[in-house]
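Every chain is named by a letter (A, B and C) in the order it is written, and numbering of its residues begins at 1.
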Amino acid sequence: MIETPPLVDQHCQGVLRTELGLGTFEAQLIRSAGPPAAGTTFFDTQTGFAVRRWCPPLLGLEPHCAPVRYLARRRELGAAEAARRLLRGAGVGAYLVDTGAPGDLTAPKELARAGDAEAFEAVRLEPLAEQVADTSGTVAAFLANLAGAVHHAAAGAVAFTCGAGARYPAALAQAPEPPGPGEVRGAAGRWLAGRAKGAAVRDPVLLRHLLWSAVATGLPIQLHTGAGEPGQRPEHADPALLTGFVRATAGLGAPLVLLGGYPHHRSAARLAEAFPHVHADLGPLLARTGAGAAAVLAELLELAPFGKLLYSSGGRRLPELHAVGALVFREALGRVLRGWVGDGAWSWRDADRVAAMIAAGNARRVYRLDERA
Amino acid sequence: MIETPPLVDQHCQGVLRTELGLGTFEAQLIRSAGPPAAGTTFFDTQTGFAVRRWCPPLLGLEPHCAPVRYLARRRELGAAEAARRLLRGAGVGAYLVDTGAPGDLTAPKELARAGDAEAFEAVRLEPLAEQVADTSGTVAAFLANLAGAVHHAAAGAVAFTCGAGARYPAALAQAPEPPGPGEVRGAAGRWLAGRAKGAAVRDPVLLRHLLWSAVATGLPIQLHTGAGEPGQRPEHADPALLTGFVRATAGLGAPLVLLGGYPHHRSAARLAEAFPHVHADLGPLLARTGAGAAAVLAELLELAPFGKLLYSSGGRRLPELHAVGALVFREALGRVLRGWVGDGAWSWRDADRVAAMIAAGNARRVYRLDERA
Amino acid sequence: MIETPPLVDQHCQGVLRTELGLGTFEAQLIRSAGPPAAGTTFFDTQTGFAVRRWCPPLLGLEPHCAPVRYLARRRELGAAEAARRLLRGAGVGAYLVDTGAPGDLTAPKELARAGDAEAFEAVRLEPLAEQVADTSGTVAAFLANLAGAVHHAAAGAVAFTCGAGARYPAALAQAPEPPGPGEVRGAAGRWLAGRAKGAAVRDPVLLRHLLWSAVATGLPIQLHTGAGEPGQRPEHADPALLTGFVRATAGLGAPLVLLGGYPHHRSAARLAEAFPHVHADLGPLLARTGAGAAAVLAELLELAPFGKLLYSSGGRRLPELHAVGALVFREALGRVLRGWVGDGAWSWRDADRVAAMIAAGNARRVYRLDERA
């Protein structure tokens, strides 16, 4: 048996506080541009099957029970109690919570209380800029306030997170260096003049400025990559497109953590091999690929140095996703490493050591959690 | 054991009626720009080994017998009787036949009779346009006749099929919307003026017009993707390049079925997850990867919703390919799903249900076969 | 059991003659732009684990012993004796040595003596051009001397090797044909005027000229592809980008061997399927992916004709890498083929035959080794 310490879930969001009907629950299972096609259901996916395998027992039901039965039991317990049982069943010791997600989600402390775990904040750069823009009258004030806000966030959070890697990899590839001050002022002026209150920042120059402001703090930066949201361009999913930015930030002190990357996760592993400051995340692969997770995990373990891989659930909105991420991870990691020990390729001792690194140790080191707790 | 109903082979062509020598037979096994390299044979491929495993027993020989022995037995039986035995050994209940392939191939009804199955027609758009061009005197007549021909084809066929996704993905990526009427007239005029009778349509504007004419009928459209023909540009093989077209056709009613995709089949699965009207085909992977098919199939099953995956053989010219597709599929699907049930990840009941969906149910729903039969 | 004949290692470099400390040894294990990140070591990689599994027993220690213990034993034996034991433990019958690598490395004959094997030379084109440039006074002399040097190299070597496929795939994609004489003269003039003595050739026109000069000799050309050196652009790693060059060289007589390709190795296999003169190398995948090598090898065996796959270790500097490549290869190939025989998909006879082809027979045929020995 491969034993792991309590996990560090290095990338997740809060959970919904409200009761959920079958349709609302189902809509959170996969990342789709629309409702299920006629004659199909999102429960008929690896994520759906993984939820039905792992979650019913945590609420006192048989594994693989029908979705309608599971949802009835969930309502019977209430959303808060169900979340409590699911999160505590996951064996997680610490959460890094992306607090920039929209919706009425639990804050880090609330998630920590429900899950009997520590919680740390990862600040998403785009909403930070949007909040600053909402309260700044001029371009100069916006840029000064933004610098202050990034600096202030760095003092309280353990990481920044940014979607520019997934949305503008081509912009980052063509111009990996920090934009000049005049360029930034121009872009900020155009954005502030044209935006409605609360509108999202999408300007590539401003996003590069945000990223480089974050790099300057030395805090780790989580970069979204891979085929995630339907709005994203899948031909931009390969983390290899971030190589220019990776090279430009080498040696500056801020670790980069590549989130996702699937189906180009081997490129993320390759970057983690080639650049000392790059790390690869493996979480969202787990709940999304379910029964197939061991194979995907083995692919990440081909090239990535074992000190550079970090567990996360990628869980959001449904506590089921936080729990399934953790339970699929332990199962898949155990299966892969036991296999390699059985082949004689790895020793038990090394397998246990690597499992502990990926489960928790690497994240504790990269995010300096033991200094922040 | 995983049981499947009689398969729906949702993409294949007819089979050759003539007797085949060793060299002619071998040349159909893989998709090569030339004859085997000196010192090698196309029989030394996964497809060749799969044919030698599965087909000799259907003709009364030992599995893995030598190619020359197999071909002798095939000639002894005659091409028609060999085809009859091979097709009936495949356990296929219905074929969707692409009738646009060149060569002296069996028509759908003939294939159905030989295989004791139903047959439906999938109309390939390019040859349809070429036939219309051969008999239309002016640009206006060509466009009117083409509209009529697409409309008429939609009444008799269950699907359209088109190679533009494989040959012009960049054109579709840059201009996913329907071309304007003036643009279409210009392109049609240039093509009609320059073409020899029977010449292939390769103009990207016309191909987009064909695709959008097909979309308007609401019939499912099978789009070729992936590394197929040697003449195709392999750097264009990623179905992710079709995302713009996929997004432009969302919600219009016509399902899209992405054929092939290998080695980027995970991108096809991702599109099937992200867009309700997109489906992924898994057939050509099976006979082409043979003993390795279970691993490739498992990769497709990572992200694709189980209601969006469709079996096909991709068989063409040799009835061996229709048979091997079906037999490899059952073997590989059984192996993958039994493994997941054995791990506790899936229930038997779900495994049987998903097997039936991929084998036949999804195709029956998407192509409305039960209304057409 | 799958038996293989003595291997032909069709792509490696010489080994370091000097004693190595822990840090110097570790630095050779993976291809990184910098030293290990704080808190990590390159020994915690698949390559590090594979070295610790396979090499200690060849030097009389327990497998998986600690790196510091292994290095102490290596120093005790001396670099030469350690190399002798490691190379002889690999079961290699012939090495093709890329003699263009920088550093104080053993020459082919020395490697052959140490490993009790044959050795053949693969001439790297870039250093050949650089040596010619160092001793040529004019553009005309340079081009004439270069033609002579390529011709002369072809008489003594069994292959050329070239990095342009990895460094300039976009240039090769846009201009796959041989550059014209005026273009070559212009590029040579600019390069000769601007270069310091010994400076590397990076001009895409000159690299294309080198490649086409090599093609004209008819000797096999080994093209580097895939995610190799950190200096390379990972978005250029897909061998599919070489399709234009592959098509342009079809039928001219010079075999192409695609080195590496990971994580796009399936594209390399696809090119080997589609073009008679293309072959795929599988070596560097083995020592780099270690315990995961069987899965990667199985992926290469999906589409590549079995007569087109060639073993190599990709070993360089450390004889451990030559040995690990060979030992991982035999283990992984045996595991994959035994599995397929066990499934009934392959016969034992075919498995043994294919193992012998990949291990040695294909390389002996492609490089005409039996005529050169």
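We take it that contacts are C-beta pairs under 8 Å (C-beta built on N, C-alpha and C of every residue); 3 or more make two chains touch, one makes a residue touch a chain.
Here the structure is a predicted model, which is why all the values come from computation and not from measurement.
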{"item": "Graph class of chain-chain contacts, one of line, ring, star, complete, other", "value": "complete"}
{"item": "Self-contact between copies chain A and chain C, residue sets same or different by half", "value": "different"}
{"item": "Gap in Å, rounded to a whole number, between the CA centres of chain C and chain A", "value": "37"}
{"item": "Sequence positions of chain A contacting 2 or more other chains", "value": "295"}
{"item": "Residue ranges of chain A touching chain C (in the complex, touch as defined)", "value": "173, 238, 240-241, 243, 247, 250-251, 255, 264, 266-267, 270-271, 273-277, 295, 298-299, 301-303, 305-308, 340, 343-347, 349-350, 354, 357, 365"}
{"item": "Residue ranges of chain B touching chain C (in the complex, touch as defined)", "value": "30-37, 39-42, 44-46, 49-50, 53, 63-64, 227, 230, 233-235, 237, 262-263, 288-292, 295-296, 331, 335"}
